[in-house]
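So, here's a batch of structures to check.
Across the two complexes that follow, chain A remains constant while its partner is chain B and subsequently chain C.
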Partner chain A sequence: MNQLAIPIKQLEANDLERITKKQKRIKMFKGFTFLAPSVLLFSLFLFYPLGRTIYLSLFLTNSSGMPTVFVGLENYQNIFSSPIFLKSLQSTFLFVLYTVPGAILVSLFLAIVANEKLKGIGFFRTMYASTMGISTAAASVFWLFLFHPTIGWLNQLLNAFGSAPIGWLTDPEWALISVAISTIWMNIGFTFLVLLGGLQSIDHYLYESADIDGAGYLYQLRRITLPMLSPTLFFVITVTFINAFQTFGQIDMLTRGGPQNETYLMVYSIYQEAFMNYQFGTASAQAIILFVLILVLTVIQFKLGERKVHYQ
Partner chain B sequence: MKKVWLICFALMLFLVGCQTNETNQEVEAQDDASNKAEESSDEGGDEAPVEVVFWHAMGGALQDALDQIVDQYNQSQDEVFVKAEYQGTYDEALTKFNSIAGTDSAPTMMQVFEIGTKSMINSGGIEPIQTFVDQDGYDMNHLEENIINYYRVDDQFYSMPFNSSTPVMYFNKDAFEAAGLDPDSPPTTYQEVEEVSRQIVANNPDMKGFALQAYGWLYEQLLANQGALLMNNDNGRSETPTEVGFTEEEGKSVFAWVEQMMADETFANYGTNGDNMISGFFAEDVAMFIASSANVRQVVDEASFEVGVAFLPYPEEKERHGVVIGGASLWMMNGQPEEEQQAAWDFMKYLQTPEVQAEWHVGTGYFAINPAAYQEQVVLDAYEAMPQLKVTVDQLQSTTSSFATEGALMDMIPEARRITETALETVYNDGDIDQAYQTMVEQINGAIDQANRARGE
Partner chain C sequence: MTVPLHHKVVFYTLLTLSALLVFAPTFIAFMMSFMSNQEIMTGQIIPRSLTFDNYVQVFQRFPLVQYLLNSLIVSLLIMIGQLAISSLAAYAFVFINFKGRDLIFFIFIATMMVPFEASIIPNFHTIRDLNWIDSYPGLSVPFFAMAFGTFLLRQHFKQIPKELKEASEISGIGDFKFYLTVVLPVAKSSLVTLGVYGFLTSWNMYLWPLLATTDDRFRTVQIGLRQLQTQEQLNEWGVIMAGAVIVVIPTLVLLFIGQKKLQQGLTEGALK
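The block that comes next holds the complex of A and B.
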């Protein structure tokens, strides 16, 4: 019996290894089956276009976007030596710098104010969130009227106070700021709503015990509200950040990249190169650069920002 | 795992690369298919009306005027039904066409702006109008000479001119009178415009003298009016251009003009936005501006004061050469059933009749392509009521024909326009004109190089 048992044991060990391997493979297969729909959709709508964009960025193209001459990395070299693109890069960063903190701070303030339980607060909540329901195009037309150099309300207001009118959309010093202001206004609806949601889900027992301990309003805000809101804030910052990099509609409506290319943001530049100048190669190269840029910045944001986020 | 990703990535690039050739084959296959369709449809009876899909870029009031003409045509006969589809601005429509050129989704006929001419010829998706002119023995010579000069390329007509306009100078007659100026003799040269602007501002400090929208088309027109070429090689009419055609003196003249008016503080800056400029004019913030003659009807109707229309100004030391045709023409697509093409051709001929042209001219301010329209009663009545409409026609007819006024042919002109607009805006915002000019010329030449290389010839 003993003599027999040893080979059986060896057999079992071998089998075990084989079986676990087989099980692993089945598991893997199962996993991929579950992934398949999203992998398929991603390949069709994201990976394939991405690959195609990389491919196109190595070519010059004719007007229907078919590659004609292979130029290697020349499109990238041209882009980085083009003053227009460098300017566009600079404007994009400035724009992100204006709009992200601007929108977050304003809507955070509004959300904290609207979180108070007062009579008729529902009306204000609806008002503050209402810009979410306005399309970029409609909002841009509305701001276009406000910004009109002579008959616009903003300049008439300035006029009433006796100060000189500002060329909101025509003065290169102001154009980017004007577009940023209108963008902040458009973004407030969404960020306000998400932040208010975050505030409402904070457990009110925390405030009650803080009250008993004698903590003041500002102390509660700093020590309870903001830490508890940090996951929501982090989400909102990431989303507005990426959105700001991809701004297009209001630029097309308000300034068309002018004056003097001050508001020539990257996505608008890509659009112009591809669909107005028919330089799909250059446009693709710019798109790849934008992709890498957002990817890198978002990774950095996650690495740095997530440490400060408090998850319950 | 890293290897797997690398392989996937390589495979993806490979697949993406292969795709190009497949598309070309598909297009050819579709061409074959549509050829067959063509043959079979020839045999079919003519019971149902032939449907012609017509892409156009006329928005707003212009669309209403066009739809009316199309309706009249559809009701006038029962063999052809024209379906007019608005496809966005000229730029947008051309982009849409470029992505479907030569496929089944292409319309039968399409309206394309004048600077898209070269790009349409290069697209390979069109059938030159010359084919139908020859088949039909149609006489193009009864159309306005200055207009057909633009659209005749290498002695061939590629497209049928349809809506043509030129820039004119609008001015506020009441403001002229208030400043003690004669409203019936508007300024004709840059220097006179400067002088008149000074007087208007001196009389009314709330009103600026002159506005020039930062619009590449206007810059091209101001060049042509002093006899300057936009592109070399005879504006691209003899060979493909290799660089800009204007001299430094000619190119800078417009910048210097604006700089002078800015120094005088008589210039109103509306940037690239034409609508803002026109509403500024209505609000009596500016006394003169330059815009397309297609706006004449709207501006005269809507202004609360008396509006004058004058010729485009030119530098004093030069002669007036006249203007280049702006606007658009109608293109026939190839790969469509012959029956549809013939139907579209019939519609194009209908559009050129004096009656239709008269209605179009009066309804919009675009020219009548067919000069016989100017004898129609509708037009004569309209001139009686709105003499400003006639100025635009006079300006076109007094244009001397030369390579400068025939206009430039090149596929990258839309890009050149945007470069020019940036340069103009730089000048409007106190930028240095020498530097703005140098940058503009360098960028346009760069774009010409790139376009010539991309054609891969």
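The block that comes next holds the complex of A and C.
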């Protein structure tokens, strides 16, 4: 009996190893099966096109987008010596500078006042969140009217106060600011909702003990609310930032890049170059610049965020 | 603890003023869609009599029903595609422990760094070569895979007790069955959140439908609105606003219903 038992035990040990190996393989197979659709789609519609864009940016192309002549970095040299592209870069940065702080400050204010426990607060929250449900195209139509030189409300208001009318979308001094104002309005809904959620997840206990210590409203706002909100604020800033760089719809609807290229933002420029002028090489070079800009600025934000953001 | 009266007065004033400012553009558009052209030109605020003329006009002159139908189909396709594909991926990240998982997770994070605009030119060529211009797949399939959705669902799947998975393994329930019969029903509320978010963003998409459609049979409602705005004489504001109002009503209703859930979901996505 004893002599027989030993080989059986050895057999079991071998089997066990084989079985665990087999199980590992099965798990790997299963894991990849569940992830396959995502990986496949990301490869086809994100990573391949990104690589292809880099490749195209080194070529001249024909009108159907096939590369014809290899030109190395010439496309990049060309765009960086093109006054229109440099202007476009400048406008894009200015636009980001207007819209990001604008949207964040307005939504932060709205989220703070809407975080009070008052009767009917739900109604106000719905009002503030409403712009999230309004598409870029529809919002542009709304603002196109408000900006209208004669019957638009903004100039009617100015008129009522006795001021001269402004060419909101036609005056080169104002066009970018006007588009920025409408963009801030479009962004409010989303940033407000996220910030309100952030405020509501702050522990009430903190406020209660501050109340007992006799700390005033503004002191609590500065010392409790803002530090505790910083992770959410950081997320919202990053998202608005990237969105501002990707602005397209409102430009296409409101100004078409004009007047005098003042609102010729980067994505609009890429669109024009590629799909109106069929210069896919230059357009690809611009797209890569956009990608690098967003990448670098996001990394910088994360590095700064790591230090400044207070995590619970 | 009661809120002091002067505090209340200050907050109600701020709340009301802000609500008036934020909602004004939408309110004005709604009002205008019921006004005659004459009333608009003379600067009325509230229409003297409600006229549905603008709505009748916009449906008569534009294939708005077709646009709405296209938007609905495309948004539903994207929503369902995103839910299915993100939840499968999130399941693998939470319940299947395998070699290479961390690497794939890193790839998912990396996708968030690539703006769609940076890859839009080759994507356009891909869709064209697949003969997917002017088709529902061309409008929807590129948006099925979604890192944000995967991360959001991963957070929720993580809250499902591991013991449940172990118990199901012992009773011989396979991964796919466990995913379908246990994980998805338990995570229903986060799926709804993601669904609402996906539907809203797809309905409002602008640049891609502009490139991927050339034909009224497949144009989405946003591009329809662009057509409306460029083709109408600019003095027909009532008709244009009626079009815009029809475009925003579905998303506004969805937002009002799903606002609470959306807010919770987005905040969790932001914090973790």
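The definition used in the following text is that the second predicted complex is superposed on the first by the 271 of 312 C-alpha atoms of A that agree within 3 Å, B and C clash if a C-alpha of one lies under 4 Å from a C-alpha of the other, contacts with A are read in each partner's own complex, and residues count from 1 in each chain.
Note that contacts are C-beta pairs under 8 Å (C-beta built on N, C-alpha and C of every residue); 3 or more make two chains touch, one makes a residue touch a chain.
All figures in this text were calculated on a predicted structure; none of them were measured in a lab.
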{"item": "Touching partner for A:Gln156 - first (chain B), second (chain C), both, neither", "value": "second"}
{"item": "Partner chain(s) touched by A:Phe275 [first = chain B, second = chain C, both, neither]", "value": "both"}
{"item": "Chain A residues touched - chain C or chain B, whichever exceeds", "value": "C"}
{"item": "First, second, both or neither for A:Thr68, with chain B first and chain C second", "value": "first"}
{"item": "Partner chain in contact with A:Gly258 - chain B first, chain C second, else both or neither", "value": "first"}
{"item": "Partner chain in contact with A:Tyr48 - chain B first, chain C second, else both or neither", "value": "both"}
{"item": "Partner chain in contact with A:Gly167 - chain B first, chain C second, else both or neither", "value": "first"}
{"item": "Touched partner set for A:Leu176, first chain B, second chain C, both or neither", "value": "neither"}
{"item": "Partner chain in contact with A:Ala129 - chain B first, chain C second, else both or neither", "value": "second"}
{"item": "Partner chain in contact with A:Leu110 - chain B first, chain C second, else both or neither", "value": "second"}
{"item": "Contact residues of chain A, present in both the chain B and the chain C interface", "value": "47-48, 52, 65, 151, 275"}
{"item": "Residues of chain A that touch chain C when the two form their complex", "value": "24, 27-28, 30-32, 34-35, 37-42, 44-50, 52-53, 56, 65, 109-110, 113-114, 116-118, 121, 123-146, 151, 153, 156, 185, 188-190, 193-194, 196-198, 200-201, 211, 217, 231-232, 235-236, 242, 245-246, 248-249, 252-253, 267, 270-271, 274-275, 280, 283-284, 287-288, 290-291, 294-295, 298"}
{"item": "Touching residues on chain C, where the partner in the complex is chain A", "value": "1, 3, 7-8, 11-12, 14-16, 18-19, 22-23, 25-26, 28-29, 32, 40-41, 43, 84-86, 88-89, 91-92, 96-101, 104, 107-108, 111, 113-126, 141-142, 144-145, 150, 175, 179, 200, 203-204, 206-207, 210-211, 222-223, 225-226, 229, 237, 240-241, 243-245, 247-248, 251-252, 254-256, 259, 262-264, 266-267, 270-271"}
{"item": "Touch list for chain B against partner chain A, complex", "value": "9, 12-13, 15-17, 19-20, 23-24, 91-92, 95, 98-99, 101, 119, 122-123, 214, 269-273, 276, 279-280, 283, 285, 411-412, 414-415, 418, 421-422, 425-426, 428-429, 431, 443, 447, 450, 453-456"}
{"item": "Chain B-facing residues of chain A, complex", "value": "47-48, 51-52, 54-55, 60-69, 84, 148-151, 167, 169-172, 255-256, 258-261, 272, 275-279, 281"}
